[in-house]
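Both of the next two complexes hold chain A, though its partner changes from chain B to chain C.
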Partner chain A sequence: MAVVVGVDVGSLCTKTVILDGDGKILSYDIMRSGHYYKGAAKESIENALKSAGLKKGDISYTLGTGYGRGAVAEADAEVTEITCHARGAARLFPEVHTVIDIGGQDSKVIGIGENSRVVNFVMNDKCAAGTGRFLEVMALALSVDISEMGDLFFASKEKVDVSSMCTVFAESEVISLFARGHKKADIAAGIAHAIARRIMGMVGQVGLREKVVMSGGVAKNAGVVRAIEERIETSLLVPYEPQIVGAFGAAIIASERMSTTIG
Partner chain B sequence: MSKIAEVTSDPYAYVAGLKERKNKKIIGCFPMHVPEEIVHAADLIPVVIWRGNEPVTWGHAHVPPYDCGITRSFVDDAVRGKLSFMDGFVFHIRQCLQAGEFPFIMERHFKPAYQKVLYLPAIYPGDAVRDFALKELESFKTSLEDFTGEKISDDSLKKSIEIYNKNRSLMERVYEIRRAKPGILKAKEVMQIVWSSMLMPKEDHNELLTELVKGMEEKSVKAQKERIKVIPVGCLCQTLQFDILDLIEDLGMIVPDDDLYIGSRYFANPVNLNGNPLNALADRYLTKTPLCPTKGVWDIHWGDEAIKKMRDNDAKGIISVRVKYCPPHTCYYPDFRSKMAEKGVPEVMIEMEHEIISLEGVKTRLQSFAETIGGV
Partner chain C sequence: MDPKYKVNRLQTTNEIRPLVDKHWADLRTAKERGELVAWASGPSFIFAYAMGMKCHFMAGYAAYCGGIGAGEEVLKVAEMAGDLPETCSYHRLHMGMGEAVARGIPINPQAILPMPDLMVAGRLCPEMSHYAEGLHRRFGVRVLPIDLPAVVDMEDMPRIREFVYRQFKEVVIPTFEEVCGKPFDYDRMSEILSVLKKVATLRNQCWEFFKDKPSRWTLWDYGVSIAPVFYLMGNPAGVTYYEKLLKELQERREKGIPAIAPDGEKYRLYWDGWLPWAFLGKFMRKFIPHGAVVLCGRYPWEFFPHPELIDPEHPVETWADLYYGMESHLVYTFSPKGTVDLIGKLIDDYSLDGLIMFSSKTCRVMNLAQPEVIDVLDKKYGIPGVIVEGDMIDSAMISDAQIETRLQALYEMIDSRRR
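Let's look at the complex of A and B:
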């Protein structure tokens, strides 16, 4: 059985997906990247192998992707997360033409053309504004668990504007909104709308073409998903586990390379 | 190539040494449109001002951090006394708002022995523009004559133009050979060649180029079929970080030609020497191509020009290099990008900062682009 592995070493989390020869997901793993990407990649692969009941020797091909793709010592090759997210999203939703990916510390919008190939993309990797890290800091400022942020959005009754997208300034803005008596839910919704505004700017550069898939950890926040849907005026397709789309795409490319080698 | 690498590795030391060796005054010409030939004809050494490689320090007291790299680096160098070997400066201040700041800063803090402010016109249709450009060049010539106390004769100006034209044709030959034998020089080396032309006396550079061309003609290179040809476009006024050029090649791409200022734009268009030499220099300035967003030309599209260059070179895509905080390029870019989208041309934009913050981000963009056009 030609087992292939995709490892996506992101700035916040490392994700691994193992596929069998038919392209079926055998297992996956998500863990914090920490400060030692090489170690994180190794550990994540081991975790995924363990859940699939496989050994290292069973792997035929490993492909690294993500910000720390160069640190995957086990990788036979590396491909960028842009290409991998596109490929992963297109396998899950063949009708996709746009991918919005909001990860731990960067965000990207990818346009997809024929054969699941990337036609254009924009990425914001300059600051953590509107990313997973931003949401974590905002959750802390609101004194809620990050997993509650999505539900809070739907409990919102009053519109509150969070104008700053800089993680540092937004944090103090949230504190001053509290001081002015605004409710947690309304502020959480304001944060989600602020993220959506920023993403809309990037979508504008790539050009919106349906269907639109959202991937990355932030897609687990239903409030942000809804806020983006309202802005782009179309519904988003969100995979069951949006965080592993890049690793899944990497594994798909790994299996394509395997079949080219074998073929 | 070793001499060229030496000149560009420390332009400050090279130009300071040049002044002593040649016993001539050095005039710094701010890129991109100063006709250096007139300075040359005045028996002075024109040198194109460059972006240094140090972080900006005192300069930020004079120009804001949101000015482009060369603006900040040049002012920083000047106020720190790093350019004390320069005797004078020429600025074409209508090129962009930032260039307009220089004369005041230099006058106040540097007090150069010579300073000329050029007002070359934007290229609108009609004769008035040509008269305007010609008058400016005449006043430039007169200011140099006043500075040196010597008249610049038409003959000496023609001679200088011939030397500059020779340099242009030799540089064109280097590019021709590179087009025919991609990979014969690294992209970084080609940029060093053009940059050294901006720093060295053209006579010396012509000698070097003659030798280099001969070597290139004789050398054979392995075909680079597996590499993806790309055309870098833009990067006004300044060198692109060499690391970025290396990155392009390390990622499996190859540069057969370019549309960069420190590249093919610098030596494009020889001066047509039929008749009055100042007229001929004005005509060169008024040539609309290679299109420059600082000249206000709207009837020719930069995107079309770039696409033509890409197709002529059988290249697969365009890498736009935009200097961060360069308003002329930034204002033009949306149109450029729309043209790429309209014609279905793969294009990626990387923003170049004086202080590189993250080469990793640039790498991801370039690698994704290579994967896109390479069919991954």
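Let's look at the complex of A and C:
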């Protein structure tokens, strides 16, 4: 069977999506990238192949994306995560015009035009403020599992402002909020609103055009999703598995390139 | 499948280094010969040259330090001396050099300059004020501050031009006369302008080769060729340099040689903001493998694009007019309106496919409104742009992977619009 593979090597997690000839997802894999991106890409592809009951020889085309896209030794080509997230989101939600992606160490807002074309985008630069890594550090500071952060948002009763977006300063701020007697849930909600505030600034630069899709691991945090929705005053479309949107987009492009090559 | 792209290096640009090295070597040893030394920020060094002084230029020094690989070590000294890393890297560079000398900290000897007898602080931004103030407070440098205001609307130009002209006449020239102990040499200023007119005219002829498809050279080649139209002005070697460059470009056209092999560029790009002096090679390595070539930019185009307006018979007037005249109006390109006008013209003239807006993290003068400028130009001309953050000389402000992703995304956006 001719299948194509999209591999998104992110700074925190590596994601792989395998599509069949009809563009249907056969399997996917998400694992921590660790320190050896090349190995992570290889392992993630193997995991996804195993889940789909396929062999390496079944792969017709592999496309790498993400921060570590250059480390995908199996890749026939590489494309940026900007284009891949746009393609993936547009396939899942054809009416999308804006993608908010918050990954492990970067966040981006992408404007999408006709034919799922990237019109413009902004990314954070050398700072992990408001990203997945930021949330991980905040969860540690709150002594909760990161998966609990979203639920805590909805248990919040009192408004607490977290003003720092620097991961280090925000951690100290969380500790001082504890010292002042604030509750975990309220602080967790304050953190979600701080992320939303930062994303709002990026959305402002790109220009908000509905529908808006949120992708990336942070989209699994319902609190952050709600906080962003409140800021931008519109509902977010969140895929069933938001973390694989980039890899899915990479696989779609791989599939198109295969067709072009064959055609 | 894209071909394997490679730069066709120009021979003539190899000849700029000795000219630049000589300029800085002469400056380093000026005091030993009993010569007076000036420093300048903003376009005021011409007055020092007219008086026979050796003169440093702020950005030129940064470019030089970037070129000789001395930027990092000098910036470290500044940081050690308490300068904040978020402040203007040009400012920090000068403070670092001064502190290194004052404290006996070894740095690249080529980066060491004598403290000036006069610092003419042409203030284009608040940081330049702090820079001059720092030189005065920390090293006792005599500072002559002059204001070079930004012009937001062309209707403001005449009165601001008058303000700037009067500063030249009533403050700058008398101060140089006092420091040098002799009358201002208007004839020498006219001679310098005559040479500048020749060099800039030749340079404009060279610019025409950016319009070729494929282009015959890159903005980076021109970036290293700016000195003869700026701080080396008045030096006849600049004429020889640009004559030779023009000849080489003409030969390239005749032989069909593009700036990048094998067959020329895939993407023709615009560069906004300062040039990343210490990272020219790093950026080049992010352009060429993709077939991208940068052809023009706002900052590199501010070095007297209208040499026909230079009137050596009226040196001080023409100097004010070059920056603040209704026809030349160089400072207008610092405003968002002026930026849009200029880039729009460059898009047409040079058949550009995309815009790179270089956003310096330590100098915000050119960054203002870059997102809006991209938006306006995209709507009008249908070409995409990206903002690339970084710095001219400070590697702490440069993120390799982030830059790579943004540039690659720009190429992908251009591709998607071509389909």
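Just so we're on the same page, the second predicted complex is superposed on the first by the 262 of 263 C-alpha atoms of A that agree within 3 Å, B and C clash if a C-alpha of one lies under 4 Å from a C-alpha of the other, contacts with A are read in each partner's own complex, and residues count from 1 in each chain.
As a working rule, a residue touches a chain if its C-beta (ideal position, glycine included) is under 8 Å from a C-beta of that chain, and two chains touch if they have at least 3 such contacts.
Computed from a prediction, not measured in an experiment: that's the story for all the values here.
K.L.:
After the overlay on chain A, what do you see for chain B versus chain C, clash or fit?
P.N.:
Aligned on chain A, chain C clashes with chain B.
K.L.:
Tell me which partner A:117 touches in the superposition: chain B (first), chain C (second), both or neither.
P.N.:
A:117: touches chain B and chain C.
K.L.:
So, A:8: does it touch chain B (first), chain C (second), both, or neither?
P.N.:
In the superposition, A:8 touches no partner, neither chain B nor chain C.
K.L.:
Please work out whether A:241 is in contact with chain B alone, chain C alone, both, or neither, and reply first, second, both or neither.
P.N.:
Touch partners of A:241: none, neither chain B nor chain C.
K.L.:
If we overlay the two complexes on their shared chain A, which of chain B and chain C does A:29 touch? Say first, second, both or neither.
P.N.:
A:29 contacts neither chain B nor chain C.
K.L.:
Under the contact definition given at the top, report the residues of chain A touching chain B in one complex and chain C in the other.
P.N.:
67, 79-83, 117-121, 123, 125-126, 207
K.L.:
Mind pulling up the chain B residues that touch chain A in the complex?
P.N.:
Touch residues, chain B against chain A: 341, 346-347, 357-358, 360-361, 364-365, 367-368, 371-372, 375-376.
K.L.:
Name, in rising order, each residue of chain A that touches chain B in their complex.
P.N.:
Within the complex, chain A touches chain B at residues 67, 79-83, 117-121, 123, 125-126, 207, 253.
K.L.:
Name, in rising order, each residue of chain A that touches chain C in their complex.
P.N.:
Residues 67, 79-83, 106, 115, 117-123, 125-126, 205, 207.
K.L.:
Along chain C, where are the residues that touch chain A in the complex?
P.N.:
So the residues of chain C in touch with chain A come to 371, 374-375, 378, 384-387, 389, 397, 399, 401-402, 405-406, 408-409, 412-413, 416-417.
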